């Protein structure tokens, strides 16, 4: 798995680089001839990712689905089917990416086709290595990781197996189900995204709210914003401006200092400069002392 | 060992300052003064490293103790270090040369006076961490206000006068009660010698009030909520180097004081007030993290984050567990390095672009790639990513907290998330994104001296993040001893009640 | 007659005064000569007192005159600061045309009066000394007779001082009436029983003394007189009468009225707290440095009184230490004030200090040290002064007094910081003259170094002071 994911991302990076840091696939297309190497490598990556038979994604994905099925109970089977459906969806959107990026017409209005260029060797070379990995890693490591005997030795105690790995095999039709589905997704998405885009567009228009819902990633970001980010910001601002500024500082240091300043102004005014007043204060003070003493 | 190594550590910077004061620099730019200051501070750093080398880490006693008659008959000048204080001494001697190297970018006028202020400040800071007598401690603790007041006031930003006054009066007000408490301790027990006081113990009936008096001072200095408002102002208006000293070392005096005095001298009161400290710490963590999230000024953001980080420290100390206290000490060291680094990083861009407003920046990654890398390390250090020192400290503190009070620990963990949020958001807005401001394009990447100072901070942050053993070894015995004494006193007091 | 050797200093100074008066009358233009001669005579006087100070307690003239550790120490610091006051003010006197023969002679006679006050052990002797010093002070305050402020301040001081002297005298007679003696020790013996007459006497006497050290609420004269008098006289006012009045305070409280400490303690605590707070608060609004230092000294006297309120030797010693350090700080501060001269004009407003640090780094540094010390920030001498006082106060568990006093230091710190702010943070103004006479420079250097380096060997003063015991 790490190989193909890396391969895929680096491939995407190479494409983005070629398009001068453009990430929107709607603004790409029709550049197979311009980017042959990238195309081939991305193709390998996509095939591997979608779990095309005998590439690395195939083994891992299949193994997961198989083991889920082999749990034998309802949840296991449900999980297996969810796995299969997702594999199909993965396949469709991955191919959509390939078709929209490389096939069809050049869609970018800001950038002329001539400016599109192959990525430098330093970007392509790791891709090649990774794609080889993506092709062969599955076959090479299958027995090591998920083979029955060797797996125990390799993982040792670092993965705790709740019960020994089942040695049963699922029915044959089940084994073929996933590869067939993912492979058939290729022409399906070819048709949907290149030949006859009307269907997709029609679907889009018919289910506009759902489409928007999906485009916005189920509104998860908005929900986070609404639930966590914005309240945090609001509370933060409130605490800063109101509590720190208007309460703690106003009544704390600033408040005390202004009180003392006012007292000071009063004390200064108290010093009027008239002798009779000074004498009066002295006598008042004297009487206060006398009172204190008598009351004591 | 007869050589008074601690007194030398304390006095060396002052001697350097006097030397600078009485000599004239050959050039008008005071370059030679700067080299003298750098030399002195580096010598002090090496001396402290030597101290660490000869320091016996397995001993629980105070080492290199010097005891001289001072105020005749009743108070002695007594200094000494244990595994906890030595780390703070080294932190101080390590940060000071970095400050001195960074001086020439931030300080434009009166460089000579500034160097003197920093060196004097170093003396007082080392003195705080070494003193084994309450009066001597108070002396150093308060004396530090003078140079810091001048540093903020003379070389600070626009609102420097307000900030300098606020800083000075706030902290002075906090510590007057401590003086009353220290004198009371003298009349209650007949000594202010910390070691003797550990042996004698203080009667339970006095402890609560004395604890509160000490707390009033340390809480302001830490700073804890709600007496934290001087810190953002002081940090923002202080020159970069001032902020570094303030954040890296001055704030640690209080944390150190909590461990050495509050827990050490008043165990029963500490136990009584644990909940108060928990609550204030949690408020500090959550509250200031939220406030930090909204800051528009980089320095203010880091200042508020300091309050939150120190909230973790106080929380950890008062868990009274081995992990909690060790974590707090580690967190203080870590915060000393990370916050110093962050302030220096802000200083780097401020010096080039003359603003600290976050929205004036963006896309620095493509203009200043090296800067982006070091800044990232510091950001990750501040949010406590595993592999940096910040993680070790916070993790241990949370472990300690979980042991004592799960609810407290869970709320504190929330602070870790918020910490990640405001630090990453800061980093994203400053370093990533579009270059909105064309002026930014002319900014140059790090200069040599900036690379030196910043990488000097990157190395320990990462090294001790991956390998905290050396620091842990140093504090382990002392923390264990503190806790043993603490529990012993508690059990005794409970026994005497029955 | 052999007893006269013990009052040799007093005899010496009286003879000098008369001699200088004669010289002044018969020799024209002898003002500077007499000024210098007076200074020399003060030095000799100091030597004579120090020579006597090794002796034990001695009673003279039917126990009406007492020489002991307290009087010796107080006289030493009195005459010592007198010398420095003369040294620092010499140039100032010439510049503002006050260099007349009467000036040094009045100072000497005032010092004589204070010495008598300090040594007195009898109500009548005490009152004689008090009036001698006061009379000289009235004239000194209005010495710059062409200046409106100066004459005004002299008149104010005279009228109010007369009022306080009247109260004091009334108190003396009440005390005499109810205790049947004017001798301090005899009063102590006779006043073992409580009666209202003596109690009233205490209040009257304390009011008169509180006026002398300008404690609240008998402080009203201080700001006006401090501001109006010539600066050299202000310096004199700020230090010497306070030393004398404080020692008389100690004498009264701990000799004749020692048995009634539960009565006067409340009064002293009240005066002390009022002075500390009022001095600190009122100083904030001041613009004139001399006026500010008047309020500052009001609040400092509050701390000195706090030591006296403790009824313990520790407290008395702390008060004496306090006033010793206080006088050094004042000397240093006024030396700086004397240096603010430009074109034969002396500047005394806070604003005139603006940006002083850029052109006059050493002067500003001295002011910085002095101001932080006045504010009581460690490790400067001012901190130790307060530390000793609070040590004594807390020993007697007078926590309220201690906490109020320390809070007042925080308030007081504000206005000291404000001056520092103006010196260091504000934009600079014109340069001041840098040539000063040697006496001024030496005084400033000695006092600044004393304040700065006090922490290295703080035991020096305490060891001497610890010999003074009253209880």
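Brief remarks follow.
Letters A, B and C name the chains as they come in the text, with residue numbers starting at 1 for each one.
Just so we're on the same page, contacts are C-beta pairs under 8 Å (C-beta built on N, C-alpha and C of every residue); 3 or more make two chains touch, one makes a residue touch a chain.
Computed from a predicted structure; not experimentally measured.
Taking A-B and B-C together, the chain pair joined by more C-beta contacts is B-C. Nearest to the overall CA centre, using the mean of each chain's CA atoms, is chain B. Chain C has its Cα centroid 77 Å from the Cα centroid of chain A. Taking the mean of the C-alpha atoms as each chain's centre, chain A and chain B sit 37 Å apart.
Mean C-alpha positions place chain B and chain C at a centre distance of 43 Å. Along chain B, residues 169 each make contact with two or more other chains.
Counting partner chains per residue, chain A shows two or more touched chains at residues 257.
Counting only residues that touch two or more partner chains, chain C has 414. Every residue of chain A that touches chain C in the complex is listed here, in rising order: 257, 260-261, 263-265, 267-268, 270-271, 273, 275, 277-279, 281-282, 284-286, 288-290, 292-294, 296. If you check the complex, the residues on chain B that touch chain C are 69-73, 113, 135, 138-140, 142-143, 145-146, 149-150, 153-154, 160-161, 164-165, 168-169, 172-173, 176-177, 179-180, 183-184, 186-187.
Against chain B, in their complex, chain A makes its touches with residues 232-233, 235-237, 239-240, 243-244, 248-249, 252-253, 257. On chain B, the positions that touch chain A within their shared complex are 166, 169-170, 226-227, 229-230, 232, 287, 290-295, 418, 421.
Of all residues in chain C, only 155-156, 159-160, 163-164, 167, 199-200, 202-204, 206-207, 211, 216-218, 220-221, 223-224, 262-263, 266-267, 270-271, 278, 281-286, 411, 414 touch chain A in the complex they form.
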